[in-house]
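One structure, as structure tokens, below. Some questions next.
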């Protein structure tokens, strides 16, 4: 095994770039972008290198170890398994695309890239941390820059609200980007308070004076502890994953955020939550997970259907995409709740697929909004005439989201449904399938209203297809969607090995009858 | 560091196992992958695509080669090549492949592939002429979609398991969506495309769940799995739900007439010959599963027969030539489904192939007429016989095949169906089908009489005969429409069954009723003006689209308002509660400010209060 | 401890006296409006403590408490000295020493 | 009482010596009669600062573990750690004050630094004091100069008022403390904490008077660190006082106060933890909740930070109440992080407020006018909010870690949730700086202030990135105290 610290390189390249950006007193837009994009490219290359170099057979590879506070068992302990690789790849692809998608940013671009890169460092960190504490630390880093990214560079939707809650809307400035930013931040950090409590409970109960995920994973926790720590972690991480009813930060946040931030947030950050539920909650607390799986699954089902229905009602393009994220993250959580190999493979795969798809969606929405300065679907129409390429990419993203075979979304959703059918409650699969149909309904409806029809309205005369660097994000993401849709085994084999390893561990610690009793 | 395993496992499996010396496999792969390559090329190399004509010729050439390969393949299979399955793993579970992709070549798939590629090749060549008036980029786009369709349909046909079949199924649905909406600037085209997708996708929910249940019961997606208990009925029933959508069975047929918004060759290929027949193909393919569900088969018979009758009745009142043909397609698909439901897979499949030829011919003929007069309305075509004699002749040939006039293709297959069903004792459905046959004859006669021999319409007088690119494929299909009926033996060989044709009472009855329908049509429309309509009230009822109205109100008064309610709930209740929490804190913080009075003595008072509380605690607690 | 109280009314009386004085001081601080009067009340509280200390010292029969009291007196003096300086500042700023005038900072 | 062990008094004596030096220098330096600024006067601040740095360095060279005044003063690891924190706070405070003092009361600079040093002397002694009389004396030595310093802006609108409020509550609290200590002495018959601990460990009946004494002392101490309900002076005094002094006031007396709380209640009355622990628990919750709730609606940044400071005291009170090695270790680590964070924040408040307004509106667009200041403030705010890679995060996390191990899960949850609430108002400042406002000229930052901010920033980031030595030292100090 190569001793080169690939993972550190991946994680800290964006951070180094952020510091470099802070240090160089450049006013040059191009220099700023080159520095930022170079660092994301470094991470991308590193991720590819890790993905290719990962040996089959599972387990954590590319290990690195640096002490932080050894006396209480906190170390910077890095390593990846099949899950980590998939999400590492996803993150590096999305941020690479996102860096290009923000190319046209005009105001305060240096600060923007600094914050964006800091955030990315946090995301990478979560996926490769083998220390629960460091995991949490990176998790928080990934959440916080969002406040400023949305607050400063976001866009505002003016809502003229009527009805009995009018005063509340005015008082809280609902619809404003500051409102969205603070709501997102506070809700996510409230979630992280529960995560913290859960982590401390596990550390204390294991009694190993170590935060190492492996050490803690080997410990067995009393059932009573698992019964409350798991829901705490589920709520905590689940808030970020958009679990109903704590998903409402997502539509406002994603709608207000600038393009690259929406891409990264819906594309990757929501996955942090789901990844946390699975990697920390379910793998490490199998009994708690088995006992609560039916709740997780039922809520996930609500997410899927409810999110899709809510998306159908929206008229704001970004809200449609945001609610579709709520719905699709439900698929991830559904896969997780099944506690089956297919379900978990599908959940991880759905994270990748949804990340790519929603990243593409937000990139496109950004392009459209950048030219129209309007997100109201009702005002659009016939855009395919002036932006045919955007229409094509939008259609591809739509198809992936509704589960068209040949695109990544199908591979993921189908596996999740398989898992659900074989999981504790087969009817979950029905709801999932229904959700896929509802997705087809709202997403194609939106596509038709935006792109089809006779020519754009008069006020949108200057629309055009993407130019120059704007293509990069679209092409990269679409290519990945197709690639992972056609040849899933590129990553599925590694995911599968890891999943099976985890589930074996679970079945050893939690006897099958524990999960058999789930079905009420 | 975890242990490293041998690197032998590390190499990913080859994407496709090409065998240099395996002709059957290579032919199948050529038929499948050449169009794919063409699609990728056209999709990525936009100058080529936007060049239009070149793209068209390339695509058509590829389609023809693809057909050549399929035909050779069919011959090899007829010649006794053993069935062959070649797959690569696609999805894994616990290190083992649970779903694979590849090709499965046997008599059924080889013959279906030949039919598909043949019609596709004809339609593409035809399109070179038909689409010539569209803009060049639009033509490029058109042929790109077509290349994708051949691949998708080929993948469906050659599927070694139901999962790949489903993948192809969805992809042809995608092509259908794209091609129906080909004229995207037209609002009606957009609505039709979306409607087609929604309805078929709605039905596909059943198909997906069927696959899930199949996997749940057997751990595979094989169509010959052995199911027991409730799943023996439930799985094929769920699969059949998908079939009802794709093959436009009542009440899920509503998308097919709307799908005529697409260019006419598209209707010929997708919405008549191949894609809509995919449902029938699925049942044929998965018949081992369906066999085990007799109650389902009975239901299929009835659904098929009802569709055949209802759609035929609806076709009578249509003025749009394509809509007539669309309902006719529904109706004929009903025949196939009814046949399959009665256990007559051979008959159903036979009808599928003959129908593919004569119905695509009819559409292409209709396309030629539309091309000539730039209208879909049969009344605008009056008197076309005079100006476009060749295509008129071909259209009439197709009609005769459809009606089931003896020696034409449709006669043999329809006769086989009815005969076998009668043997199976399905009297009422047979009666419905026979009646449907009469209606078929009537509406086709109506179209021919009005469009080709009726009062001369303005546009029709200046019409020109179609170019050779259009006539050539029509001619080829015309030959098949006449002669394909004699292919029954060939088909039977492929199936390993006996087939011999004989004139039976039911065949004679049907033929007589068909001829009666023709006569009635000629009498009705050949002599008097069309406005004085015998059908009167029925006509109004049919045109108002009762099934459509049902689905429309389900959408407008069911789903949409429900989504509104959910959206409201989300914004005001779920989000409202969270906002309420925020507001409560702000409110509280604002109110408690007054306790910080700014008066020093109050501060001291707080200190004293604290001390008193301490003392009280000390006295009580200690 | 209990024996201390049980030893006779002597100590208890002093403690009660100190407690009453202290309470009076507190009452003064809370109720007077004149800053000087408030300072006097603070002084009263401090002296109550001193009585306490001396009483305990007498009771224990050592001088520690008395030393403590001496320190206390010194500290109180210093404190009140600074207090008077602040009162002077108040007077200079406001031409009065009514504590009710001082409530600009609040909320 | 003998003067053996005078070498143990190195640190207090060094501070005293520095104090005298500054005093002498102030005498020698001519004060400009017209109230104008002069370099020589400005030098006093520099002298104080440099001297304090010297004293800090000295703390590594002096003998450890000795007793002085017959055991009344001890120079143990706990005292040393705390003293270093206090000295650092004072040095940083002096550095950050140079410009402010020079601008606002140029002719009274000596007075300012002398008072600062007097107070510091009290704190330094307090850190090692193990005897009630010494504690009281040092406590007052620390407190009285603060009244003076708070009133330095004697002409400013709220200057005197803030000082008066501090004074009144302070005087009453002192009396209460003294009253309480008189009971402790009265019951135990001794003023030496070690002796008290020894007596208590014999298992004597503690009696109501001792409990009374204990509680009264706690109340008095609670004033100094600003525990609810003895906290009400905090925002008013902060608002009225010179900002760099507030920076000092907001950390150093707290540190010293917690030091003496640990000495008195853990070292001396540790055996009575069952008695005082419930009260501390209630105080802790009340302080956290009240601090955060009142901070929520503030628009004056100084008041906002004041209330947030109250909330932080609540958290530290939790660490104190745990009274384990981990708890006390985390407490002093928390104080360390808090010194750098809070002082840095207040220095920036000083810079922004030099034009007269501490209102949030004055902060609008700061990040555009001066990205460096905006960025630095953001980091301080994040540290206060407990966000990773800055000092405050470790403080908060380790606190929760220790509290959890002491079995206080619900309090951890409450603390973590309130930390989220706190972020709401910290981000309010960030919102003003980053989101609102427009471009404009950057505020003037004098060199010493810039230096002070930079040092605070380095401290915050340094502890954030590499906390191990600080954590280990704090835990070791606590272990030394509790013999753990």
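Each chain carries a letter (A, B, C and D) given by its place in the written order, and its residues are counted from 1.
Quick note on the criterion: a residue touches a chain if its C-beta (ideal position, glycine included) is under 8 Å from a C-beta of that chain, and two chains touch if they have at least 3 such contacts.
Quick caveat, the model's predicted, so the values are computed rather than measured.
Think of the whole protein's Cα atoms as having one middle point; the chain whose own Cα middle lies nearest to it is A. Centre-to-centre spacing of chain A and chain D amounts to 42 Å, using the average Cα coordinate of each chain. Rounded to whole angstrom, the centroid-to-centroid distance between chain C and chain D, based on C-alpha atoms, equals 26 Å. Note: centroid distance chain B to chain D, computed from Cα atoms, is 77 Å. Once the centre of each chain is set as its mean CA position, chain A and chain B turn out to be 35 Å apart. Within chain A, contacts with two or more other chains are made by residues 186. Counting partner chains per residue, chain D has residues 161, 164-165, 168, 172, 176, 206, 235-236, 424 touching two or more of them.
The set of chain C residues that touch two or more partner chains comprises 26, 29, 99, 102-107. This structure has the following touching chain pairs: A-B, A-D, B-C, B-D, C-D.
Interface residues of chain D facing chain C in the complex, by the touch rule stated above, are 132-133, 136-137, 140, 144, 147-148, 151, 154-155, 157-158, 160-165, 167-168, 171-172, 174-176, 178-179, 181-183, 185-187, 189-191, 204-207, 209-210, 235-236, 239-240, 298, 303. Here chain C touches chain D in the complex through residues 1-2, 4-5, 22, 25-26, 29, 35, 38, 42, 45-46, 48-49, 52-53, 55-56, 59-60, 62, 64-65, 67-68, 71-72, 75, 78-80, 82-83, 85-87, 89-90, 92-93, 99, 102-107, going by the rule given at the top. Those residues of chain C lying in contact with chain B across their complex are 26, 29-31, 99-100, 102-107. Taken in their complex, chain D has these residues touching chain A: 367-368, 371, 375, 382, 387-389, 393, 397-398, 400-401, 404-405, 409, 412-413, 416-417, 419-420, 423-424, 427, 430-431, 434-435, 467-468, 471-472, 475. Within the complex formed with chain B, the chain A residues making contact are 1, 55-61, 63, 163, 165, 168, 171-172, 174, 183, 186-187, 244-245, 248, 306, 309-310, 312-314, 341-342, 345, 382, 384-385, 399, 402-406, 410-411, 414-415, 417-418, 420-422, 426, 429-430, 433-434, 436-437, 440-441, 444-445, 448, 451-455, 487-490, 492-493, 496-497, 500.
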